[in-house]
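Dropping the structures in below, format is structure tokens.
Both complexes shown next keep chain A, but they swap its partner, so chain B is in the first and chain C is in the second.
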Partner chain A sequence: MEVYLDLENATPLPEPVLKAMLPYFGARAYGHSALTHRIGWEAYAAVEESLGRLALALGVPPEDLALTHDAVEAANLAFEGLILGRPIKRKTVVLSSIEPLNILYAAENLERHGFRVVKVPVDGEGFVREDALAEACTEDTHSVAVSWVSHEIGTIQRLDRLSAIVRERAPEAYFISDLSDAFGRLAFEGSALPIDIGLVTSYKVFGPRGAAALFKGKRAKLKPLLAGPYSTQPLWPGDENLPLLVGFAEAAERAMAELSARTAHMRRLRDRLVEGLLAIPHTMLNGPRTERAPDNANISFLGAEGEAITVECSDHGVYVSSGSACTRRMLQPSHVLLAIGRKYEAAHGSILMKISPFHTDADIDHVLKIFPEAIERLRKLSGFKEA
Partner chain B sequence: MEVYLDLENATPLPEPVLKAMLPYFGARAYGHSALTHRIGWEAYAAVEESLGRLALALGVPPEDLALTHDAVEAANLAFEGLILGRPIKRKTVVLSSIEPLNILYAAENLERHGFRVVKVPVDGEGFVREDALAEACTEDTHSVAVSWVSHEIGTIQRLDRLSAIVRERAPEAYFISDLSDAFGRLAFEGSALPIDIGLVTSYKVFGPRGAAALFKGKRAKLKPLLAGPYSTQPLWPGDENLPLLVGFAEAAERAMAELSARTAHMRRLRDRLVEGLLAIPHTMLNGPRTERAPDNANISFLGAEGEAITVECSDHGVYVSSGSACTRRMLQPSHVLLAIGRKYEAAHGSILMKISPFHTDADIDHVLKIFPEAIERLRKLSGFKEA
Partner chain C sequence: MSRTPLPYSKVLLDHFRNPRNQGPMEAADVVAKAGSPACGDMITFYLKVAGDAVERISFESYGCAANIGTASYLTELVAGRPLEEAWKVSWKRLSDDLGGLPKVKFHCGILAVGALQRAIREYYRARGAVPAWIPPDLTEEEKNAQEEEELACSIEHKLHP
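After this line comes the complex of A and B, so read on.
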């Protein structure tokens, strides 16, 4: 038996989504959209239809959407696209201290344009400290980025309150929010969110890799980072990748149509998983109990090193991710876990798991069988002594 | 019967290539590469293997390759990646006057960094004028871009001679060449080409959309345009799109393994097509007869407007592209055709067609049946009088 819980970094594409994409590779609408022949018209119509479905799932007008190939591109477009080609007076970007690396890197990249990045601390469960946010917002604040849901510890920020603080203290600042871990997990209408720019990623709603989107309100004027001919996407020149766009739209539509059933299912399995794992001694949940995304489980195991846990579990068919997955190559503890006050050892022994709508009780049974044994073996090896 | 000849802009994915990609969407190696679990190792191994296959097909060491999502990204990376983050003294980019729009836009985008773009004229068949190139290359020349094969009129430039001129007149200049229409059509070893940066695109070798690559020699130091975490691609951060990369590698390998058979087949069908169409009165071939890519056919029909021809042909199941396809939205005549001295009317009545290795004699028969009738109808409508 194999159970894949490393959904933070990649997702296997569900069969019905792949099936929806398949005709567009070579059987129909394979033409370049907007050319003057039937296959091109077919492609153009399919692009427009897919953008419409995606916009509807996000609750935004289609004209507010911009496609990119992935979350890195979307984050760069959000930050650099807001400042390119015009004089900018306000030169501070304010981030929560637990932003994912996509956001962090894209924001810090503005330093080459003379910007500075200020990080706002969070509390022990990852909620942005409102007093600190108020203090960080000044006349110099150009933009503020707080992910609605933390990729890593599942914290659901109180976006309304944070946005109100920003509006009051720095009314001209743009509010950017990564919604990748909110989309398909929380009910929302994009246009009604108190933000200027929202970012979502296809694979996180069980669509294909290679597609991401940004939507923006009226205030945010973006310029493209690249130069080139385009078909329907002026903010990211090049041609739409129709099969991937169809897959993204299909996945987004399914995620929203089945939202309550999916979230209830994910939450129930996630709660089983978390309770089962917290029954192992010397463990702690990272992130809040409630106000938490329904799919997210992040647990620290004292006396066992995260990388070692992932390998040990992998040997028994359970695939999980250690710490902040994106920092894995540096073998540093996650900046998110350090920000919520975890000591080095707890941060290093942390495991991130996500539940999909497609997991079953049998999957959780298997994980709860494998995990305690793996931790016990590793603790013996490391000579961990229970207090 | 339907015959799709608009391969300049999009290609239907051949079944065997799609088949090679399919397992990577959800059945295997769907993990994020380089993580510490089996599905991740599988993905990492598949990324490395695919990069190796692609590099082998291109005749370059894998470490010289950089992936992007498409040709627009690759062109921007080539031009802007050469100048970002360092002081640049030489500030002229020299282009052939028939560069494709991807190259043209990316080069002109450097104007915002204080660069100027100089265009070198070509002769009536699209060959770069060597005297003019020599004159354009000065101490201020930062880079020179000439596509080996013209996307639009198929001209195969004498790269060796052009490169020698650049080396002599502007020894420090970088030579950038779009090889999209050379790859899979001409025999070459990337590392032996007299260029610093080469660009190729997946769909042009009948791989999936969403993948392109750049390779570079030792002299060319590139910096990434975007900031973000990455797995194996420091020059374009983000995660590799494994299914698309597998498809690109598969398609590239097939293109090279079958190169002589494919080119002989394409050339034979293309010659049949061109001869058949030139039998229609008041037509002319654009681009050279020989020293021409084996798949390219570009013909001007006097007294018939290009867009109208595409629509008329489409109604009868023949899909072609009018003029410089990329400029279609502007309804301007192709800059390439104007550069080779075509008058406005001839440029406006031009049709671009490309033959794939998968076309058959029956396809050409059908096109040669439909086309003369379409031209005749349109000429009647426009009141064209034969001289």
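After this line comes the complex of A and C, so read on.
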């Protein structure tokens, strides 16, 4: 039996999404959306239809959407596109200290334009400290980025309150929010959110990898980072990847149509998983118990190192990821876990798992069977003494 | 279909899954640790010495699969061998024997060698008769272990003073 829980990094493609995409790898694989013949028109129609479906699922007007090929591109377009779009003197970017790396790197990349990045601390459950956010927002604040849902510990930020603080302290600052872990997990209408720019990624709603989107409110003026003859995407010129866009739209539509059933299912299985794993001694849940994304489970196991846990679990057909330094090329443990005050040992022993709408009780049974044995074996190897 | 992460060789994975000479040793003549839980890497070697040779050796490891596998392999390599020979096992040799550690895991191999050298140095130091083949200055591997420990302590202290 195999159970894949590393949905943070890549997700399986459901059959109906694959089916929707297949014609665009085959009979409909050609046709340039910018050309004036039937094949081109059909390609154009497919792009427009997919954009429309995606916009509807996100609750935004299609003209507010810009497509990119992944979350890294979307984050760079958001930050740098704003700077190119409206040159202004304010030169500070404020981030929560638990932003995902695409946001962190894109923001830090602005340092080459003379910007500085200020990170706002979070509390022990990952909620942005409102007093610190207020203090960080000044007349020099260009933009503020806080992901609605933490990709790593599932914390659902109080977006309304944070946005109100930003509006009050730095009325002109743009509010950017990575919604990749909110989309398909929380009910929302994009254009009603108190943000200027939202980012979403296809694979996190079980669409194909290699597609992402950004939507912007009226205040946000963006300019493209790349120069090129665009087809339908002025903000990200170059060819659209039509099959992936079709898949993204299909997956997004399904995610929203089945939202309540999916979230109830994920929450029930996730709660089973978390409860079962916390029954192992010397474990701790990272992130809040409530106000938490329904799919997210993140647990630290003391006395067992995370990378070794991922290898041990892999040997038993369970695929998970870790915030341990040893699973990362930079050899630093997860900045998110350190930001919520976890000690190094807890961060090194952390395991991130996400539940999909397609997991079953049998999957959770299997994970709960192999985990205690895996942790026991590794603790024996490490000489971990139970206090 | 393989379920194992690509960068590890069969030999290393075998040592991870079936570690040799594992666990503490009550009758050890010397015990040495390298690394720390804060580094995410810690190796302890237990040595029983007879006539300047490793009579028995065992280990405990808190760390990644490379750390555990390397420590296990090293115990097998030096068990029954003269201490001088054990002292001279290089991390490069370990990496080569284990089918080439991924680059990001080099420090795991170095830590194992550093821990073993620490144990051997300590064994002779406690007896007040350090042989000429042990240099007075720390080896690169011993220094590496020390640096890793100091780095982890300083970061941990900054974060949680």
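Here is the rule we go by: the second predicted complex is superposed on the first by the 378 of 387 C-alpha atoms of A that agree within 3 Å, B and C clash if a C-alpha of one lies under 4 Å from a C-alpha of the other, contacts with A are read in each partner's own complex, and residues count from 1 in each chain.
By definition in this document, a contact is a pair of C-beta atoms (placed from the backbone, for glycine too) under 8 Å apart; a residue touches a chain by one contact, two chains touch by 3 or more.
Source: prediction; values computed, not measured.
Undergrad: Under the stated touch criterion, which partner chain does A:P14 make contact with: chain B (first), chain C (second), both, or neither?
TA: Touch partner of A:P14: chain B, not chain C.
Undergrad: Mind working out whether A:G26 is in touch with chain B, chain C, both or neither, as first, second, both or neither?
TA: First partner only, chain B.
Undergrad: Please indicate which partner A:F384 is in contact with in the superposed arrangement: first for chain B, second for chain C, both, or neither.
TA: Once the two structures are laid over each other on A, A:F384 reaches chain C alone.
Undergrad: Return the chain, chain B or chain C, that is in touch with more residues of chain A.
TA: Per-residue touch count on chain A favours B.
Undergrad: Quick check for you: in the superposed arrangement, does A:V311 touch first (chain B), second (chain C), both or neither?
TA: both
Undergrad: Touch test for A:A279: chain B only (first), chain C only (second), both, or neither?
TA: Neither chain B nor chain C is touched by A:A279.
Undergrad: By the touch definition at the top of the document, which applies to A:I88: first (chain B), second (chain C), both, or neither?
TA: After superposing on A, A:I88 lies clear of both chain B and chain C.
Undergrad: I'd like to know which partner A:A106 touches here: chain B for first, chain C for second, both or neither.
TA: In the superposition, A:A106 contacts chain B only.
Undergrad: Do chain B and chain C land on any of the same chain A residues, and which?
TA: 307, 310-311, 314, 325-327, 329
Undergrad: Going by the contact rule at the top, pick out the chain A residues touching chain C in the complex.
TA: Residues 2, 303-308, 310-312, 314-315, 317, 324-327, 329, 331, 333, 338, 341, 343-345, 348, 380-384.
Undergrad: Could you please specify the touching residues of chain B with respect to chain A in the complex?
TA: So the residues of chain B touching chain A come out as 4, 6, 9-15, 18, 22, 25-27, 30-32, 34-40, 43, 69-73, 75-76, 85, 101-102, 105-106, 108-109, 112, 208-210, 225-230, 237-239, 241-244, 307, 310-311, 313-314, 319-322, 325-329.
Undergrad: Under the definition above, what is the set of chain C residues touching chain A in their complex?
TA: 3-5, 8, 13, 16-17, 19, 22-24, 37-42, 44, 60-68, 104-105, 107-108, 152, 155-156, 159-160
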